[in-house]
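In the two assemblies presented below, subunit A is common to both, partnered first by subunit B and then by subunit C.
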Partner chain A sequence: MNRDYGRSIFIAVFLAPALVLFTAFVALPGVRALLYSLQRWDGLTEARWVGLDNFARLFREGDLFLIALGHNLFLLAVAGSLILVLALAFAAMLHRRIRGAGLFRVAFFFPNVIAAVAVALLWILLYSATDFGVINAALGAFQRMCHSFGWDWPRVPLPFPFLDSRYLLYSLIPMMVWSAVGFYMVLFLAAMEGIPEEYYEAAKIDGATPLQQFRHITLPLIREVFTVGVVFLVITSLKFFDPIWVMENQRPTRDSHVLTTLLYQKVFTEYNVGYGSAVAVMLFLLVFCATLISLKLSRAERVEY
Partner chain B sequence: MRVTLAKSAACLLLCGWFAAVALPLGWVFLNSLRSSQEFVANPFGLPWFLTGSPPDGRLSLEELDAAGARHDAPEIDLPRQLRTQFDLLDADGNGFITEEEARAAGLGEAQWGRSLRLADRPGSRRAAWKEVKANYAKAWVESRFSSFFTNSIIVTGTSLAGILAVGAMASYVLARFTFAGSRALFLFFISGMMIPAQLVLVPLFFQFTWMSQAGTRLLQPFGLELQMHDSLSGLIVIYIALSLPFTILVLTGFFKTLPGELREAGIMDGCGEYRVFWHIMLPLARPGIITAAIFNFIGLWNEYLFALVFVNAADKKTLPLGLASVSMQSQYKTDFGLLFAALVITIAPTLLVYMLLQRRLTRGITVGALKG
Partner chain C sequence: MKIMCQYVVALCCAAALLSGCDAVRRSGGDASEEVKVEVAVFEGGYGVHWHMGVARRYEQEMAAQGRTVRVDLWGDPRLSEKIKPRVLRGDPPDLVLMHDLPLWLLIAAGKVLPFDDVLDQPAVGADGRWRDLFMPGMLATYRADDRTFAVPSAVQAWACWYDARLFRRHGWTPPATWAQFMALCDSIQATGIAPLAFQGKYPGYAWFTFISLVQRCGGLAAINRINLMEEGAFRHPDVVWAASLLQDMARQHFQRGAMAMTHTESQLQFVNNQAALIFCGLWLHNEMKASTPPGFEMRCFTVPAVEGGKGNPRLINGAGSEFFFVPADARRPEEGFAFARYMISPRNAPEMGRAIGVLSPLHGGTPREALDPPLQSAMDMIDQAEGFFYERTFELLLEWTNQVMQPGLAALLRGELTPEAYCAALDRGMAEAKKNPDLIIPVYTPFDLTQFGETS
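Up next, the complex of A and B:
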C-alpha cells in the first residue's frame, strides 16, 4: 500500500512539469487561438464575438489570404518537386557507392543546419542587383559571351532585380532547394541503406539495369519514408516565414505574402487579432490534414517483401 | 560503356552540387576577411594577405621583402616580451607601430631599430591581420554581436537543459508505467506535434502581457516584478513548452526499448524509483537524449519568429534576430565586411556542432523529419 502511494507520487512529480508547461503554453493557447478567431479584437479594447465572420473574410474575393495560401502552394509545388527529385537522384547515386560519398553527404546536408535568416542574407548578397551581385555578374558574363557569338540572348536587361517583390517568389526557389535538398537526401539515403543487398544482387542476375533496380526495388521500399518526407515538406512550406520577412524588410507585399507573414502583419502591425487568428487556425487545419493523410497513406501502402 | 557514362554524369552532377554548396559559403568566409571597399571593387577577390598585393597602392609583400623587411619582421627578431606588447605599443590601434609610439613607450633606437619601422609599413603581415580582424571586431563590439551571441547561448543552453530534463522525466514515466489515463496523457502530449507554433504565437503574446501584470501584482510586496515580454526567460519557457511533444515522442520510444528487468533489479537492490531513473535509466537513454538534443539545438539556435515577436530590446536579441536587424538596417546595408563577419559568427557554431555530431545527426534523420 505504502509503495503504491510512493509510486503515485513519483509519477506525479515526474509528469507535473511537462504537463503544466505543455498545458499552459501550448494546449490552452491553442484553444484560445480558436476563440480569438471567432472574435473581432484589436488587442486592447473589448473583444466582440462575430462567429465565423473572420473566416468568411478569408475566402472573400481578392482577399490576401487566398493569395498568400496560393504562394505557399506555389513554393510547395515548384521548390518541393525539385527538392524531391534532386534528393532522390543524389541519394540513389550515393547509395550505389560512389567515391567520396561520405564527403558529399556531409556537405549537402550542411545548408540545412544554417539559420534561415543567415541563408536569406547570403542569398540577398548573391542576388544583389548592384555591381557586386554574384548571380547578376555571372549572368552578365554569360550574356556578353552570347553577344560575342552574335546571339541576341538572353534579352533580359541586367542587372535583374531578383529581390523585387514581383520576382521574389521565383527567386526563393533556388534558395529553398539549395538549403533543403541535403536533408531529404540523407532521409532517403538512410531508408535505402536499410534495403537488403540481396535484392539488388538477385535483380542483377536477372539482368535488371540500374534504372530498373531503382524503379522496382528502391522506390517501392522507401515509399514510407518518402511519404514522411513529403509531409514534412508540406508542413515546412506552409510555415515558411523567415526568408521572406528578411528579404522584404518586414513589409511583404501582395506579391510576396505567405500565410505566416500575413498572420504577423495582421496581428502585430494592423492589430486585427481576429483575422490573424483565423489565418493561424487555417494553417493549423492544413497541417493537421496533411499529417492525417500521411498517416493513412503510410499505413495503407506499407510494402512487405 | 553506358555504365561508365552514367557514372561520370552522376559524378559531374554531384560535384556540381558540391560546388554550389561549398562556394557560396567559402565566399562568405573569405569576404569576411576583406574590407567593404575591397569587396565592392571585386566581389570575387581573395583577401590581400593571401594574394600578397594589397589594395590602394600600398607596398606588396614582395616589395616589402625586397626592402629587407622579411628578415626584420617583428615575428622574427622582436624580443619575446616586446612581441606580446605589440598591442600596447600600438597606441592608436592602426596595426602599425610608428616611431613616435615606440618612443612614447620608452623604447630606445637600439631596442626596436629600423626593422620594426619597416615591418610596420602598411602591407606587412601584421597590419594585414589587424585588417582581417577589423570586420569581426566591428560586428562583435559595435554591432553588439557579442551580446546576441551570449543571449543565444543562454537561451539555447537553458532551453535545451529544460527540455531534456522535463522531457526525459515525463517520457520515462509515460513509457514505463501504466496508470489510469497514461495512454490518454501520452496522446495529449503527442497531439502537440500537429500544432504549428504559429497557432499559439498570438495567444501567447497576450498571455504574456497579463501574466506579467498578475505576476508583478503578486510579487510587489517583495519588491520584485515579473516581465515576460522582452526577457530571455519568457522565450526559454516558450521554447521548452513547444519542444516537448517532439522530445517526448522521441524519448518515450527510446525508454520503451530499455529492458524492464533493469528497473526491477534496481528496486530489488534497494534503489528508490528516483535513483533507478537517475543512475540506471538515464545513462542508458543517452543515445536517444543526444539525438533529441541535436535536433532541438539546431531548431532553437536558428529560431526567428518567436524571438521576433517576444523580444524588442536590443540587449535581449538572439543571433538570428540580431543578424536580421543588421541586414535590414540601412546604415549597415553597404557595410559588407560587417555583414559577412556577422554571417560567419552566426553560422560557425552550428557548423561546429554539425561537424562534431554529424554522424549521429544523419543516423537519427528519420527522427528529425518528425519535427515538423
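Up next, the complex of A and C:
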C-alpha cells in the first residue's frame, strides 16, 4: 500500500509539470477562446456577451469564413492529393532499390527541414515578376524560343503575376508539393520497408507485375501509415498559415484567405476578437472531427497475409 | 523521496531569490531622485537613432535645470504587439509613437490623454504656444470633442515621384494636368520604359491616389461627404469619375506584373529606371536610400489637376504622421507630455530633417538646406500648396478597409470591376459597417471649402 502510494506520488510529480504547462498554455487559453467567441470584444475595451452571433455570422452568405474554408479544402484536395500520389510513387521507387536511392531520399526530404517562412521567401523569389523571377525568366525564354519557330505560344503576357492574390492559391500548389512530399515519402517508405520481402518473392513466382505487387501487397500493408499520413495532411491543410501570410505580405485578400489567416486578421488587424475566436473554435472542431474520422478509419480490420 | 524534497527546497530558494531580485528592481526606481520616462517608438524606416539622440539631449538639458531625468527610449518594429498587452494590463509606457495601433479605439475607451494642456504651453525653442507652431491641419487627425489626442512628429503627403535625370534625357516635364500626365505616360511607354511602377501587393497604395483624384474631381465637398460617411458618398458622379481616371491609368500604364509586386519590388523597379513614375508618400526617399543608384535624381510633383474638376489643385493629400500619444494609464504622463513637447520642437526639427530626412509638422521647422534633394523637392511641393486634406474612413472602418476597399480597389485596377460597381460596393460596405453598434465615428469638422477657394 505504502509502496503504491509512493509510486503514485512519483508518477504525479513527473506528470505535474506537463499538466501544468498544458493547462496554462493549451486548456485555459482554449476555454478563454471559447468564451471570447461568445462575446463582442475589440481586445482593448469592455467585452459584451452576444451569444452565438459570431457563429451565425460565419455562415452568413458571402462571409469570408466559408470562402476561406473553401480555400483550405481546395489546397487539401489538390495539393494534398498530389502530395500523397507523388510520395507513394517515390517511396515505391525507392523501395524497389533504384540506383541512387539514398541521394533521392535526402534530396526529397531536404525541403522538409526548411522553415515554412524560408520556403515561402524562396518561392517568392522564384515567382517574382521582376528580373529576379527565375520562373518568369524561364517562361520568357521559352516564349521567345517558340516565337523564333513561328509559334505564338504560350499566349500569356509575361511576366505572369504568380503572386497576385487571384493566382496565389494555384501558385502555392507546387510549393506545397515540393516542401511536403519528402516527409510523406519517408513515412510511406518506412512502412514499406517493414513488409517482408517474401511476399514480393511469392508474388513474383505467381507472375504478378510490379504494379500488381504494389496494388495487392504494398498498398494494403501500409494502409495504417497511409491513414496517419492523410490525418497529418488534413490537419496541416486546415492549419496552413505561414506561406500565405508571407506571400501576401500580411494582407491576404478574399482570393487568398484561409482559416488561420482570417483568424489572425480578424483578431489582430480588425480587433474583432469575438469573430476571430469563433473562427478558431470552428477550426478546432474541424481538426477534431477530421482526426476522429481518420482514427475510426484506421481502426478498420487490419490486412494480414 | 529525499531527492524530491531537495528539489522542492531548491525550487523554493530559486523562487525566493527571483522575487527578491524583482523587489530590488522595483524599489530601486522609487528610492532614487531620478525621474524615469519610458518612451516607445516604432522602429521603421526612420529607425530610432534620432529619437535616442533627442532623449540624451533632453536628459542633459533637464540636468542643467537641476532635474535628473532618464529617458528609457526603446524601439521595436513590432511595437504594436508589445504595446497592446501593456495597455490591457494598465502598464503602458509614458509616451508612444503610434504605429498599427487602433488609436480611435483607445481614445473611445478613455485610454489616451489629450494633449491640449501641454499644447497651450510655450514651445521649446520658439515664442508662442506649442499648438500655434503646427502647420494648419496637422493636429486635425486625432481631434475629437475639441481635444487633441495625438501630435504628429512628421508630415506626410502623397506625391508622384520621378527621376529628373531620366526626364531631362527624354525632354519630359512634370505634368500640371491629368491629360498631360496621361500624355506623359504615353511618351514614356513609347520609349520602352514602363510608365508607372505600382506596389500591387498592397492595393491600398492606390487609395491615396484615388482620394487625391476624388478631391481633384469633386473638390473638398466630396472629401467631406466621404469623411462624414454620408450615404451615397462614393456613388457620387465625381467619385465615380475619379475611379474611372484611376482605372484608366492602371489599365494603360501600370508596369506589367505590378499587381504581384511588393512595395520594395516595385520601388526597386522605379529606382532602377525600369519604370519612370511611382505614386508614394514622402517616406519613399528614405525607404529606398540604400538601393537608389548614384545619379538617380528622385523628385516629386503633386497629383495633377483634373480638367473640369471642382477641386483646388493646390491642395495636397496629406496630414501629420508619426503620431505620439500618452496612454491614460502611464505612470508619469506629465513627463511623457514634456518629452513630446521637447522632441517636436523648432529646436529639434532641423536635426530631424538632417538625420532621418523627415519634414517637421511645424511651420518652417525644417530648413531647406537640412534636406536631401528629393525631400527638398517635396518641401517645394508643400510650400507651393495652399493646404492639406485627408480621408479618414480607411482608419475608422477597419473591416471595410480589409474586406471591401482594398480587394475592390485591386479589382478596379485590374479592370475586373467597373468604377460604378466599385463605388457602389464601397457605399454598400460602408452602410453595412455603420450598422456595427461598436463602431467609433469621431465628430468630424468638415473642411471649409471657401477657405481653399472651392465651391460646392
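Just so we're on the same page, the second predicted complex is superposed on the first by the 293 of 305 C-alpha atoms of A that agree within 3 Å, B and C clash if a C-alpha of one lies under 4 Å from a C-alpha of the other, contacts with A are read in each partner's own complex, and residues count from 1 in each chain.
We adopt the following convention: contacts are C-beta pairs under 8 Å (C-beta built on N, C-alpha and C of every residue); 3 or more make two chains touch, one makes a residue touch a chain.
Keep in mind that what you see is a predicted model, and the values were worked out from it rather than measured.
J.: In the overlay, answer first, second, both or neither for which of subunit B and subunit C A:270 touches.
T.: second
J.: Residues of subunit A touched: more by subunit B or subunit C?
T.: Looking at subunit B versus subunit C, the one contacting more residues of subunit A is B.
J.: May I ask you to decide whether A:24 touches subunit B, subunit C, both, or neither, giving the answer as first, second, both or neither?
T.: A:24: touches subunit B, not subunit C.
J.: Once the structures are superposed on A, label A:161 by its partner contacts, choosing first (subunit B), second (subunit C), both or neither.
T.: A:161 sits against subunit C, while subunit B stays out of touch.
J.: A:291 contacts which: subunit B (first), subunit C (second), both, neither?
T.: The first partner, subunit B, only.
J.: May I ask you to decide whether A:117 touches subunit B, subunit C, both, or neither, giving the answer as first, second, both or neither?
T.: In the superposition, A:117 contacts subunit B only.
J.: Between subunit B and subunit C, whom does A:80 touch in the aligned arrangement: first, second, both, or neither?
T.: Neither: A:80 stays clear of subunit B and subunit C.
J.: Which partner does A:40 reach: the first (subunit B), the second (subunit C), both, or neither?
T.: A:40: touches subunit C, not subunit B.
J.: Is A:249 contacted by the first partner subunit B, the second partner subunit C, both or neither?
T.: A:249 sits against subunit B and subunit C alike.
J.: Can you list the residues of subunit A that touch subunit B in one structure and subunit C in the other?
T.: Correct list for subunit A: 6, 43, 131, 249, 268.
J.: Which residues, counting only subunit B, touch subunit A once they are in their complex?
T.: Per the touch definition, subunit B meets subunit A at residues 3, 6-7, 10-11, 13-14, 17-18, 20-22, 24-25, 27-28, 39-40, 43-44, 165-167, 169-170, 172-174, 177, 179, 185, 188-189, 192-207, 237-238, 240-242, 244-245, 248, 272-274, 277, 298, 301-302, 304-305, 308-309, 319-321, 323-324, 327-328, 336, 339-340, 343, 346-347, 350-351, 353-354, 358, 361-363, 365-366, 368-370, 372.
J.: For the complex, give me every residue of subunit C touching subunit A.
T.: 1, 4, 81, 84, 87-88, 102, 105-106, 108-109, 111, 200-202, 204, 256-262, 265, 268-269, 274, 398-399, 402-403, 406-407, 410, 414, 438
J.: Quick check on the complex: what are the subunit A residues that touch subunit B?
T.: 6-8, 10-11, 14-15, 17-19, 21-22, 24-30, 32-33, 36, 43, 86, 89-90, 93-94, 98, 100, 103-111, 113-118, 120-122, 124-126, 131-134, 137, 178, 181-183, 186-187, 190-191, 210, 225, 228-229, 231-232, 235-236, 238-239, 241-242, 245-246, 249-250, 259-260, 263-264, 267-268, 273, 276-277, 280-281, 283-284, 287-288, 291
J.: Across the complex, what residues on subunit A touch subunit C?
T.: So the residues of subunit A in touch with subunit C come to 6, 13, 40, 42-45, 48, 64, 127-131, 136, 157-166, 248-249, 251, 253-255, 265, 268-272.
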